[in-house]
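Residue numbering begins at 1 within each chain, and the chains themselves are lettered A, B, C and D in the order written.
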Amino acid sequence: MALLELDGLTKRYGGLTAVNGVTMRVEAGEVRAVIGPNGAGKTSLFHLITGVVPASAGDVRFEGRSLTRLSSYQRCQAGLSRTFQLTSLFPEMTARENCRLSAQARLARRWQPYGGQAVFGEASTRGDEALERLGLTAVAGRPAGLLSHGDQRLLEVAMALAQRPRVLLLDEPTQGLSVEETLTAVETLAGLFAGGRLTVLLVEHDMEVVFRLAQKITVMHRGSVIADDVPSVVKEDAAVQAAYLGGYA
Amino acid sequence: MVNQADILRRTMLQAAAAAGFATLAGPAAAADPIKIGIPVALTGPLGGVGAQMRRACEFWAKEVNAKGGLLGRPVELVIEDTAGNPATTVRTVQEMVERDGIRVITAIVASNEALATVPKLAEWDTIFVSGDNGDGRLTAESLVPNFFRANVSGPMGTRAVALWLRDSPMKNFYGLGMDYAWGHNSMDVFAAEAKRAGKNFMGAVFSPTGTKDFSTYITKIRQSGAEGVYLVLAGDDNNAFLAQAKQYRLGDKVQMLTEQVDQMSINATGDSAIGLIGSSRYPFSLDNPVNKAFVAAWQAEYGRPPDLFEGDQYQSCKVLQAGIEKAGSIEAAKLRTALEGLAVTSVKGPIVMRACDHQAEQPGFIVKVVKREGMEHPVPEVIASYPADRVTPPCNKMVYDD
Amino acid sequence: MDLLPFLLTQCLNALSQAALLFFLGVGLTLIFGIMRIVNFAHGTFYMLGAFIGYSSARVTGSFWAGLVIGPLIAGAIGAAFEMGLLRRLYRRDASAFLMVTFGLTLVLGEIIRLIWGVDALQLEVPEVFSGIVFLFDEPFPTYRLFLAGAGVVVAVGIWQFLERTRLGLLIRATSQNAEMVHALGVDVNLVRTAIFGIGCGLAALGGVLAAPLVTASLGMAGNAIIDAFVIVIIGGMGSFLGSLLAAVLVAFVQVFGTYYFPDFALAAMYMLMLLVLVIRPGGLLGKEA
Amino acid sequence: MRAVVCAAIVLAIAPFGLPLFAMTLLTEALILGLLAMSLDLMVGYTRLISFGHAAAYGLGAYTSGYLLLHTSLPLPFAVLAASALAGAVAIGVAWVCTLATGISFSMLTLAFAQLLYAVAFKWTSVTGASDGLAGIPRRAGPFGITMFQTKDGYYYLVLFCLLGAYAFCRSLVRSPFGAVLRGIRENEAKTLSLGYNTRLYKIAVVAVSFALGGLAGALYSPFAGFANTDLLFWLFSGQVLIMVIVGGQGTLHGPILGAAFFMLLEHVLSLYTESWALFFGLIFIGFVMFAPEGIWGLLTRRVRA
């Protein structure tokens, strides 16, 4: 049984079908990228998996359990942590507080309305660990809103990581970064994924990034999956080349 | 209203008394003013009425002080704005009591302000002589020993209208009142009185305070087929209704009757008020020597005759004055005894503050609004008057037996 | 009264009332749509219009002079207020506007009291419209017909203004994206001043037109502002068409609600507002959810 | 923290130094302070801008007034019951209002408060309609305690409630729960995506805020001996919101200062001039223009400088 299974997942907006019967299996420990041209339905797919928008048809299963009826925060509680295409942080909190609040969400007494030293202590430990892994310890005390754009993108990953997720969903982690920032970010992420302990689902535009990070690639085009394999095979796929990679080759 | 010099003077007086000079300081003690609290609505929707009441109090104080004061002491008014808000009124009076040592108040404008204030009078050991508050309950179920009503109450005004109706050929009546305690009380009295007079009361409708569009109410009145409609409206609502009723030509078919007719609303509605019949708590045209002197002095001071609330508040001040003179003090216990059963020759003729429910027995007047040559606005003209014993309700009651 | 004349009378009553509510609401909604300001002082401008209208009519002897002068002066005061104070606050959060317009309400209200006194003042219906027409034998004031007509004229006028004129175009563009308009070299400040002035002027126009029905009094502002809020909220904040729709809806609910359920006259408007908001949190035609 | 302890001590010894009427004003200022502080939980810490906080105050005031007039419940129990009722009603109100966010949320709270106002106007048997409830007693008890019947005793009850509520709120906003509120304030969508059921947190904070606002109202009606529909009117909601902003939102003590400032300024001005509203308004405008961070901000800026 795969960790995360999508079964005929479909989203229709009126006459437009944004996601059309996507079926996909993500195994534990796998780093999977979803790629496709603009409007292919990648971000919509993310929204369907995380429950931000309800699916028109199909099912999302996590560890064999259907998530369809769970709302977005419940899916997160189940172990899916995500980042956003447009950076979404708590700008007035420090980077450390951002991670702490994120980690706190996975603790049983996260809602405790008094005291809370124990909760904060545990959450800080997890948060600091995540900051460390993304190399953000040096800027941990700065307000998130004042960090460089590159650090903000990484901070969002750190926040997701601090939740110790079963599946990490990253929506274009290098979006809007300069060439140099992208390089740094990719190396950091590659280091992070190296141990094989994380299961990652990644939407990405930048082909260099995808081929550097992903073990498996799903290619989407106009809402449908047109290829699903290891990078070397996908690269050679004629349909993919026609639809998408042609522009890069 | 308190200034530094005032506080200083008071402190010195207290010091003198403490030093055992109290007996020697006779003249100084006599100059210690009698302070009267005026917690009156000067801003907000009741500001117009409040301005009249304050004016009457100031006129009275000036008059008294010109004649050497009360008990040989000058009268000092402590005037504060309540904005017509009962909570503010209670706080204001509390402060007057605690800060200025005030033991007598008058000139509260609205009945709900008065109803909020009276339960506290005992705690404050303070006498309150009403000059405007019409709610029948103040001298019935809500009566407290320290409250006195020198003015005409709402039920009394309604009663006067009802007495006038007995002699009128109209048979069928409808009612429009403000959705307010006063509106409901007065309407109840009117309904009961109309039935007793063998008239047909066809029902009433109540509009929320602040209603701006009366068209639907006018439709309802018209549909009822009544010959007369009894109005219990005040302030902006009253003005709006009269203006719109005129635009719908309601007066052509239905005689409008109202609990109180005052010049201020006539001025605000102009010709719309012409033909309106209602009771008046105080019409300035009363023919008696006390009133003639009062109107003349008022005219000299303000260049116009006194309006309803001015006359009624002035009467309250005179009652208070007579009480203080009789008691020789403003101590609540003494003043209360003095006021009970007190007879005064007022602007409305002889009146008696009866002991049983602290309501002043006084006559009722019915006026009709007419246009007069040489006057800018229409004026009320007395068309009937009823003696005190017919207008004043039985003790502690809001309804009448006959 | 038969059913037909009854229905006709009530519908015309509602339409005349809708016109007054529309004048009140549309200015507020325009200001909100463009400037994201909840203008607490809107009711006070309405009241100011009534008082200036009264004085101008008294001095010139013509209601129509008041109808022109009232909105002009109120609009000028509104524009001056925007230039003098509001303009310095656009970088701050919405609470600053709430407070500064609350302050203006107090100041303007007190100035009106000092100038015109506490007594209510009557503005006579203009001679032309002081008569009545008979609808199946039921008298109906021509002034109310005029009000309904004025509502239609002003609504069409504003619509044409927004659609056809350059300023209208800028106003619509600014409500979409102020920075973009600014980048195009347009003085956004000027647009804001204009819209604030126009909004206040519209409120004052409503005030002058309402004065013959309710008299000019110090109680006007408090009543008006909550009505204006309700119209804007039901219609959707910032939506011109929404405020028109809401004014008509509220007027009909009030006129017929008061007739059939007089005990709920006060609650009807708020129940309607709650109902609309629960179904459509952004209001009938609002964009925000 | 030291400043808070100092302020508490000064307030505790105030009855020994202040004249009677000043104590009346101070008591009312503290009650309003409690109300403003309760609103700060929503406005300052969660950015839930409520235009209907008068509903909490009015609910509390009417409930304790009704209980004291018509039952034999001792004063402290009546006050607590009123506070609990306000909190319970808030759960229902918040459940509906949190369907919306931003300005729509504000408008829904306004609609609810106005509906409550309309109900209070019609439900004569309970609310006394336009008359309100008058002559509300400060009943003795429990266990024969008569302390609260005296002026100073009542002041201490109010002070105790305010300090207790302050300690509670302070602990709340610094707790894990408070951290989530802060998250909602800064970025609600993100907070939701982190796995927090933000709507539940919002409903909870509205309930707490209403319970404390209700407590303030419940203390007010036996203090004034009176409750009426003005306490529920939208204008009052606006004033409380302004007290919070003037004082400095998101600080808890700022709004208490704001409330005292608002009330005392209005009071002092109205003593000296009939045109108090003119100066009151001008001072407000001046505040916005020159002291954007509120009274607390102004004070701390002075201290730092």
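The rule is simple: contacts are C-beta pairs under 8 Å (C-beta built on N, C-alpha and C of every residue); 3 or more make two chains touch, one makes a residue touch a chain.
In this text, all values refer to a predicted model and were calculated from it rather than measured experimentally.
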Query = Chains still linked by touching once chain D is gone?
reply = A | B, C
Chain with minimal offset from the mean of all protein Cα atoms = D
Inquiry  = Based on mean C-alpha positions, I'd like to know which chain lies farthest from chain A.
reply    = B
Request  = Would you mind pulling out the distance in Å between where the CA atoms of chain A average out and where those of chain C do?
outcome  = 50
Message = Report the inter-centroid distance (CA atoms only) between chain C and chain D in whole Å.
response = 32
Ask   = When the C-alpha atoms of chain A and chain B are each averaged to a single point, how far apart are the two points in Å?
value = 76
Ask   = When the C-alpha atoms of chain B and chain C are each averaged to a single point, how far apart are the two points in Å?
value = 37
Remark   = Within chain A, the set of residues that touch 2 or more other chains is none
Ask   = Residues of chain D touching 2+ other chains?
value = 121-122, 277
Message = Where in chain C do residues touch two or more of the other chains?
response = 113, 222, 263, 266
Key: Pairs of chains satisfying the touch condition   = A-D, B-C, B-D, C-D
Note = The chain A residues in contact with chain D across the complex are 50, 52, 72-74, 76-77, 81-82, 84, 88-93, 97, 100-102, 104-107, 109-116, 119-120, 123, 159, 163
Task = Name, in rising order, each residue of chain B that touches chain D in their complex.
result = 1-2, 42-43, 80-81, 85-87, 90-91, 94-95, 98-99, 111-112, 115-116, 118-120, 135, 142, 179-182, 208-209
Ask   = Which of the residues in chain D come into contact with chain C in the complex?
value = 49, 96, 99-104, 107-108, 110-112, 114-115, 117-119, 121-122, 234-235, 238, 241-242, 245-246, 249, 275, 277-278, 280-285, 287-289, 292
Ask   = Which residues, counting only chain D, touch chain A once they are in their complex?
value = 171-172, 174-180, 182-183, 186-187, 189-198, 201
Query = Mind pulling up the chain D residues that touch chain B in the complex?
reply = 19-21, 24-25, 28, 121-122, 129-132, 134-135, 224-226, 228, 230-231, 270-271, 274, 276-277
